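In the two complexes below, subunit A is the common chain; its partner is subunit B in one and subunit C in the other.
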Partner chain A sequence: MEATIGNVIAVMGDFKNPDKVTAAAKGIHGAGYTKFDIYTPYPVHGLEKAMGMPKTSLPKFALAGGLFGLSSAFALQYWTGGIEYKLNIGGKPLFAPQFGVPVFFELMVLCTGLTVFFTMFGYLNRLPNWHSKYQYDAGFQAATDDNFCVVLEAEDPRFTVETAQALLSKLGADNVRVVRETLEQD
Partner chain B sequence: MEAKEQVATATAGYTNGAAMNGYHDSPSAKPVREPLVLGNKTIHQITEDICGIAEQKATPKFWAALLASMLVAGAGIGALTYTIAVGIGVWGLNNTIGWGWDITNFVFWVGIGHAGTLISAVLFLFRQKWRTAINRSAEAMTIFAVINAAVFVLTHTGRPWLDYWLLPYPNQMKMWVNFRSPLEWDVFAVSTYFTISLLFWFTGLVPDLASLRNRAKSKIAKAGYTVFSLGWTGSTRNWHHYEFAYMIFAGLSTPLVLSVHSIVSFDFAVSILPGWHTTIFPPYFVAGAIFSGFAMVLTLMLVAREILDLHEYITLKHIDNMNKIILATGMIVGYAYAMEFFIAWYSGNPYERFVFINRATGDYAWSYWMMMTCNVFSPQFFWSARLRRNVWFTFVLSIVVNIGMWFERFTIISTSLHHGYLPSSWHYYTPTWVEITIFVGTFGLFMVFFLLFAKYLPIIALGEIKSIMPGAQPSHHHHDDHAHDEHSGEVTAKAHH
Partner chain C sequence: MNTVIIADSSFAQKMRTYSMIALGVGALGMVGAAFLDSGRFLAAYLLGYIYFAGITIVAMFFATLQFLVNAGWSAMVRRIPEIFAGFLPIVLIGLIPMIIDVWFSHKLYHWADPHIYQPGPHLDEVLASKRGYLNPTFFTIRLGIYALIWFMTYRLIIGNSFKQDESATDYTPTRFNMKRSAPFVLLFAMSLTFAGFDLVMSLDPHWFSTMFGVYFFAGNFVSTLSLIAIFVVTLRRQGHLKGITDEHYHDIGKFMFAFTVFWTYITFSQYFLIWYGNLPEETLFFILRAHGNWQFLGYGLVFGHFIVPFVTLLTQNNKRNPAVLIGVGCWILFMHFIDLSFIILPNFSPTLRIGWQEICGWLFFAGLFFFMIARQLATRSIVAVNDPYLKESLELVS
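On to the complex of A and B.
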């Protein structure tokens, strides 16, 4: 695969220290940038807050999934046993919440888990997405090893190459670099 | 709350905060508590070590082990095919004893799985950071164990090609499943358990697969890791949601793991058979499951530790901690055995009393005493700190415990069934070669899965172990942050809400 070089897509800088990268996140957020991200090998606690990210909406989805599971379990047991297929087994009631508990619980957990999994990966994180426009940058790749890679995206309204470079240098980033689009030619 | 805990554990290994640089350790700092990872590793070294295992060429030893496991699994699959083709009449079951090795093995394997969930979920919620060295492989073990459990429970129905009848679905017979039966609860419990364990495990794997993807040299490896890492980049915007999802999974799995073996115990406890009809079963089964599961984790991890040279990650501290859990759950199990006996006497029910006296002195007394020796007496050695930290002793004892736990299930099932109310139907049960081969075969299958996992996937949770390294987290200074003193930016205890 050959690659040619295109437009500027980002300015990147590297950090190795969690304190400095957190301070940098605050600095970038404070400077008014919105289209930026920090790629890290593991979750650095407090970084999302320093970046000014709002709380995740995942719990709402989880709750909805759980309620769906619980109510379907109720409906399933009530309708099949109590209405559709009335079978007397040892004189036990056709439906009672007591014997429904295990299935209430299991379906609630199952639906919550599936909702969380697909919402988190698919909806909130937009995965799978097997291509990233930054993927040829070595520092970006090293973010799955030990690098904290700060990316100021060119799409940000405040972005100019010079100001972005100056900001990252001021915040103490190493290896501040301009990253250009890589056009793949198969 | 969390901030306090995080700071406390991050500083725990060192007498002062200044040593916690993460990238190079000050020689003056003496550990108060053993560090979780030995060898003063940098974050990069951890990537090298763990990814290195998956990247090195498979050795002839590996292929030999894989082949041997496949042969054993193959024999099991052969016996299983024979069972399905001919019918479960080829097993040693009779009119009196309708559940034998099939359900014994089902409960045994489901129980094994519980340690994995306990380590990944319960210890996560309790912020037990030592879990990061073993959680990945324990979770993998859970999944493989539940697959094995499914083998038994799906074939014992007799006509496994009709197993979908277990699920409630609209059909031309206009029939629905019986939700009043604990066996139906089991269908929901075990399938939910498997699904959630798999999602939890896979969620944990995604960032680590991305690490492997970015390092992969061969095209095939690159393609495989690329697909399964879903294009994970390590974006903080992703980690943010990811971490919350991980917490919800832990929060879901904690009651789930308790529910699954409780529901398995309902298979027995809800019946009115003396020996089964006891209210102590749910907690007793859960404790037993964790007991056997930890033993299995130890058996596997001690071998992996030697073969893959993970001494710096799975330290004596980890082994010590797991042995303490084995001791604690072993005591709960021992208490449950004693309490069962007491209640059988205290109930004043002659049938109940008979079953328990028969259990200890009757035809299956050998099985009962085997269980008592392995599960109640043998873990007592672990009161000794020296023995808890003796690798060979732990290895042998972990196997003894699992033998004991297998016999527990066998004892519960066969002693309660073989002498019913009518002496004319009293009977004895011995398994046939078919049942034995299937059981041995499941160990082969388990090893095939485990070997493939250990070879091709990150056996230690990279992202998680990195995040608990000294120096890995920022040092925020909160009002409740009293656990470490003020230092420069290099100092890294962490705080987080």
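On to the complex of A and C.
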């Protein structure tokens, strides 16, 4: 049933258990592949380390968002209370860090949360991209159920169909298959 | 698995030696302080006592909490706070000077002085209205109740945890702890809150803060976690806790980080409400501490107890770094001393006064504390070897 038209986009293999797929991830990373991915039914602890994935850059965005929120909260309260609209409330100072803290905190958390949300989904996870080019593969679809699917992408500089197939077979993958670009699907 | 007893290790021997030295120096200083100025001596005693009693009681709470929530990660770590609980006998005996003070000397707790309730120039109407709660009899009864609660927790929960070491097949002790730890956590919350009110807040009996109990808890909790972190890292480095990995460091680091923020949140909330409300019966606490040179301790706490640990523990790499954990742990323990000094000592001196008396009070109790822990290490296993969650803890990935 394998399609023979279209460019090769990946070589895939299936595993049936998280320990084996973690071992395979180490093997693929050890063989020098960088463009590969593993799709699992649930988060597998330690898999990202076995794959040699770099640490996420999300904390840097979070810090930047938090500092922005903190400084804008300071500026907002200082400018409104102390400069633009001076109002004596109960003899309290026009601006004092004591009463500013709740707003510092809230705006910092809000800006951090929104930055993390939009950075993670919009930038790091590439939304609004609602599809994957592998989504017509039956094994890939089964990764939402009980399959641990390894995908060696054709974009990898080391990729050739033969070596990729040989590597996955050597690592003990079932159903090693070549996946081609699907132009139309009903 | 076999029990891990490190009685002969250099760790336990060094602790025994140094604790004896600290105890000797502290006791000598305390005797000197008692002859020079008995009021200051009692304040220094109270400071040292609260510091280590807080750590002991919170350590028992921490162990109980692990049973309550069936925590898997902490099975490797839980024995450390359980060993801290071995200081409990001294905690109970150490309450006696406070009881003597309310009955006889009234140097610490001046609400106990009967003269201020007699009609005349010394009459204190505010305290007269609080006399139903703040009187020597009820104070003694309350301390007795706290002592009973802490003793029961030690005997039942901590005792059962040690009892589990004896059998790898019969899980009755652990099962009891998992089922019955909830009321002990509740009793702990009540007893620590009210002990904070009675022993510390009533030093200034005109002042009151409903947040004081949780403020007291937060400071004690973060310093207990720091001491646990220091012990775990040191024992791991000396090869005694082989199952401890970076994952455990990370979890302890996260705990320390979270409760640094919690301490800040509670401390600030208390200050903020009093500052905003601006009521004379509440502000007197901060007027004493925000004017004169006590204020430098206050600013020091903002930076030292919050910003320094917060920034240091913010990144994942630092939480997983044992050297950083030890450094931050010692720093938090130092800041906890400053924190308790800031709460207790201004009641006895309007200007900044931390001298050898206070340091000797701390050293005296530090010596006793580590001496008692060294005694525990002689017989107790530092790993809860038959804990049903031990395997899960060994395989921890966070």
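Criterion: the second predicted complex is superposed on the first by the 179 of 186 C-alpha atoms of A that agree within 3 Å, B and C clash if a C-alpha of one lies under 4 Å from a C-alpha of the other, contacts with A are read in each partner's own complex, and residues count from 1 in each chain.
Assume a contact is a pair of C-beta atoms (placed from the backbone, for glycine too) under 8 Å apart; a residue touches a chain by one contact, two chains touch by 3 or more.
Because the structure is a prediction, the values reported are computed rather than measured.
Chemist: Going by the contact rule stated at the top, is it subunit B or subunit C that touches a larger number of residues on subunit A?
Modeler: Comparing touch counts on subunit A for subunit B and subunit C gives B.
Chemist: Under the stated touch criterion, which partner chain does A:Pro59 make contact with: subunit B (first), subunit C (second), both, or neither?
Modeler: both
Chemist: Which holds for A:Thr112: it touches subunit B only (first), subunit C only (second), both, or neither?
Modeler: first
Chemist: After superposition on the shared chain, which partner residues are touched by A:Phe99: those of subunit B (first), subunit C (second), both, or neither?
Modeler: Both subunit B and subunit C are touched by A:Phe99.
Chemist: Go through the superposed model and pick first if A:His45 touches only subunit B, second if only subunit C, both, or neither.
Modeler: In the superposed model, A:His45 contacts both subunit B and subunit C.
Chemist: So, A:Glu155: does it touch subunit B (first), subunit C (second), both, or neither?
Modeler: A:Glu155 contacts neither subunit B nor subunit C.
Chemist: Return the residues of subunit A at which the contacts from subunit B and from subunit C coincide.
Modeler: Overlap of subunit B and subunit C footprints on subunit A: residues 45-46, 59, 92, 99, 102.
Chemist: Subunit A touches which residues of subunit B in the complex?
Modeler: 6, 23, 42-44, 47, 168, 174-180, 182, 184-185, 188-189, 191-192, 195-196, 199-200, 203, 206-207, 210-211, 213-215, 226-227, 230-245, 248-249, 252, 255-256, 259, 263, 266, 462-464, 466-467, 471-476, 489-492, 494-497
Chemist: Going by the contact rule set out above, which residues of subunit A touch subunit C in the complex?
Modeler: Listed in rising order, the residues are 45-46, 55, 59, 90, 92, 98-99, 101-102.
Chemist: Show me the residue ranges of subunit C that touch subunit A in the complex, using the header's touch definition.
Modeler: Interface residues on subunit C, with respect to subunit A: 268, 271-272, 275-276, 278, 315-316, 397.
Chemist: Which residues of subunit A touch subunit B once you look at their complex with the stated criterion?
Modeler: 16-23, 25, 37-49, 51, 53, 56, 58-59, 62, 76-77, 80-81, 84-85, 87, 89, 92, 99-100, 102-103, 105-107, 109-110, 112-114, 116-117, 120-121, 124-125, 127-132, 134, 140-146, 149
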